[in-house]
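The following pair of complexes shares a single chain, subunit A, combined with subunit B in the former and subunit C in the latter.
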Partner chain A sequence: MINALRAGAYGIPFMPVGGMWGSDLVANRPEFFQVMKSPFDGKEVVCVKALVPDYAIIHVQEADIYGNARILGPTYQDVLMSRAARKTIITTERIVGTYRMREDPKHTEVPYFTVEAVVELPGGAKPGICYPEYLTVDWDDHKSYVGSVKAGEVPSFAEKMLKGRV
Partner chain B sequence: MREKVMSLSQAADLIKDGMLLAVGGNAMHRNPSLFCLEVTRRPVKGLRVCGAALGIAADYLFATLQADTAYFGFFGLENEAGLAPGMRKSMEKDGPGRAVEGS
Partner chain C sequence: MELGQDYGKPEMMAAAIIREIKEGDVVFHGLASPTPMVAMKAAKALGKDFCYITLSNGIDHDWSRAPYCASTLTENTYTGSVACLGLDSIFDLYCSGKGDIAFLSCLQMDKEGRIAMSYLGGDYDHPKLRGPGGAGSATLTPITPRTVIWKTGHDKRIFVERVDFATTAPALDKLFTVITTLCIFRKQPGEKYLKLDCIFPYTTVEEVKENTGWEIEETQVPVMTPPTAEELAAIRKVDINNILAYEFK
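Right after this comes the complex of A and B.
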């Protein structure tokens, strides 16, 4: 998966990937995995097709009005996603001045030129966690979501979560 | 640099039928949850999502049957939050959900 996004970010159609040998996924998903011979020594290698998302959707703790974004805490694959996607949509706990990026330029995980939209959305990761802003799952809302899926009532869950937010 | 601040509603309008979306975060952590919920309120369909560890935000799009394909290494809410109910409902029962799994 990560190599598929890497191939997307590098602008190449596929990428060799180690570690897929022995997995049925290679045979079951030929549209995503293919085996080819290395042009260098003829050894077989599994390749994964590039993924180029239309948008990466990333929630961050801090962004400026131009789309420079800082992720405090683990970045997961979000930096890679922003490079693989055609454009990125940022939702942010708060909008900060660009001086925050100038203070510590290496910490600008997502730079402005990859970004199309910035939405100030405090609590945007709820009912999940957003370190260090809110550190536990909102269990009442989590339970309410699981119940809404079973009952086919996701629209009313969305209505409740988004009240006054749009 | 151009100013790009917009409302949640304006940003959700950027999502069109058939798009491939990379959904950030991990399981229940730092997901673009409210953004994806806003997308569920639109008539967008045929979405595909990707991410190494998809979580609750991507799950909404399967719960509403707006997404039909997930490229992922892991898809769940993790720990006490359990499995991803929308994805399971779509892929195991009545939906169009299709898994393209990669480690």
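Right after this comes the complex of A and C.
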């Protein structure tokens, strides 16, 4: 998945990946995995097809109104997703002034010109975690989320979660 | 040390995991991995010098922060880290040969160490049980020098003759280790099949055979030393909320 996103971000049709040998996934999903020979030394390598999501939705701790986004906790694949996606939507714990970016530009891993929209949404990662804003999963809400997925009632769950917050 | 009094299966598995780690190793464990998480924190508490990489991006976090849930993505595996690595970098570093151990788990496994993580029963598109998949383990299992699979159970539904769909499989040229509640299996570099390496003090080779879906040829194997008083003290010190028990409920 990571290398598929990388291919998307690099603007190339596929990407060789490490490992994957011995996995039945390769033969079972030819539309996503192919084996090819390195043009340099003939060694066989598994390749994945590029992934270009229509949208990446990324929740961050701080963003300005132009879309400059600061990730102050773990980044996971967030930056890569924003590079691969056609459009990126930022949800943020809080809107801050652009001066915050200028003070410490290294933290702005998603720059404004790659961002389509910014939504101020405190608690937007709940019932999950957003370090260091809230550090534990809200298990009750997590349970009702799982329940709502099984019952096909995600919109009403989201409505409940967002009540009075947007 | 006496089973049921001083230690149980969780502590024996944790001790076995601690003993897998050598000084200087670069070690990674996956998501939702309370057993290796507690064991690795305990190994740090014992003074073992190794690099602890977690999925929450942290490198060598403050191991004294006790886990409070079975998730391995909370701040207790991040706060106090000396550096940060995204998941993409973790895979890259292992692919380019800079990692030593990856502690991973499985739904099912066969004698070749082929691992089912994608589904059980039915077929790929219509499974009876959809697993978590294995992008991570499909990449890491064949390229990590010492992949270690931990499984908090041992029966014929887990250890089967032949896995229907292998999400991943070990490489022929690498050591591959499986730690269960009863024993350790190993596949040596150059060999194709797992062999019974040792059993835990509270079981017998017979019991292991009865609960394994493939033919075990070994008849005499060493019995692993029970968890030492130091190991048990370290486990208790880092795991005040007894998260180690989570997988054994």
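Methods note: the second predicted complex is superposed on the first by the 154 of 166 C-alpha atoms of A that agree within 3 Å, B and C clash if a C-alpha of one lies under 4 Å from a C-alpha of the other, contacts with A are read in each partner's own complex, and residues count from 1 in each chain.
Simple rule for what comes next: contacts are C-beta pairs under 8 Å (C-beta built on N, C-alpha and C of every residue); 3 or more make two chains touch, one makes a residue touch a chain.
Because the structure is a prediction, the values reported are computed rather than measured.
Judged by the touch definition given at the top, the superposed model places A:L25 against both subunit B and subunit C.
Once the two complexes are overlaid on the shared chain, A:M161 sits against subunit B while remaining clear of subunit C. Contacts of A:P132 after superposition: subunit C is touched, whereas subunit B is not reached.
In the overlay built on the shared chain, the residue A:M1 is in contact with subunit B and with subunit C.
In the overlay built on the shared chain, the residue A:Y10 is in contact with neither subunit B nor subunit C. Counting the residues of subunit A touched by each of subunit B and subunit C gives the higher count for B.
Applying the stated contact rule after C-alpha superposition, one finds that A:E116 touches subunit B and leaves subunit C untouched. Using the contact criterion defined above for the overlaid structures, shared-chain residue A:G73 touches subunit B and also reaches subunit C.
Residues 1-2, 17, 19-20, 23, 25, 73-74, 76-77, 129, 131, 137 of subunit A touch subunit B in one complex and subunit C in the other.
By the touch criterion stated above, subunit B contacts subunit A in their complex at residues 1-11, 14-16, 19-38, 40-41, 50-53, 55-57, 60, 63-64, 71-73, 77, 80-82, 85-86, 89, 100-103.
Residue ranges of subunit A in contact with subunit C, taken from their complex: 1-2, 6, 17-25, 28, 73-77, 79-80, 129, 131-132, 135-137. Here subunit A touches subunit B in the complex through residues 1-2, 4-5, 17, 19-20, 23, 25, 29, 31-33, 48, 51-60, 65-67, 71, 73-74, 76-78, 81, 84-85, 89, 91, 95, 112, 115-121, 123-131, 137, 142, 145-146, 148-150, 154-155, 157-158, 161-162, 165-166, going by the rule given at the top.
Residues of subunit C that touch subunit A in their complex: 56-58, 68-69, 71, 73-75, 78, 84, 86-88, 91-92, 94-96, 114, 118, 124, 134-135, 138-143, 165-171.
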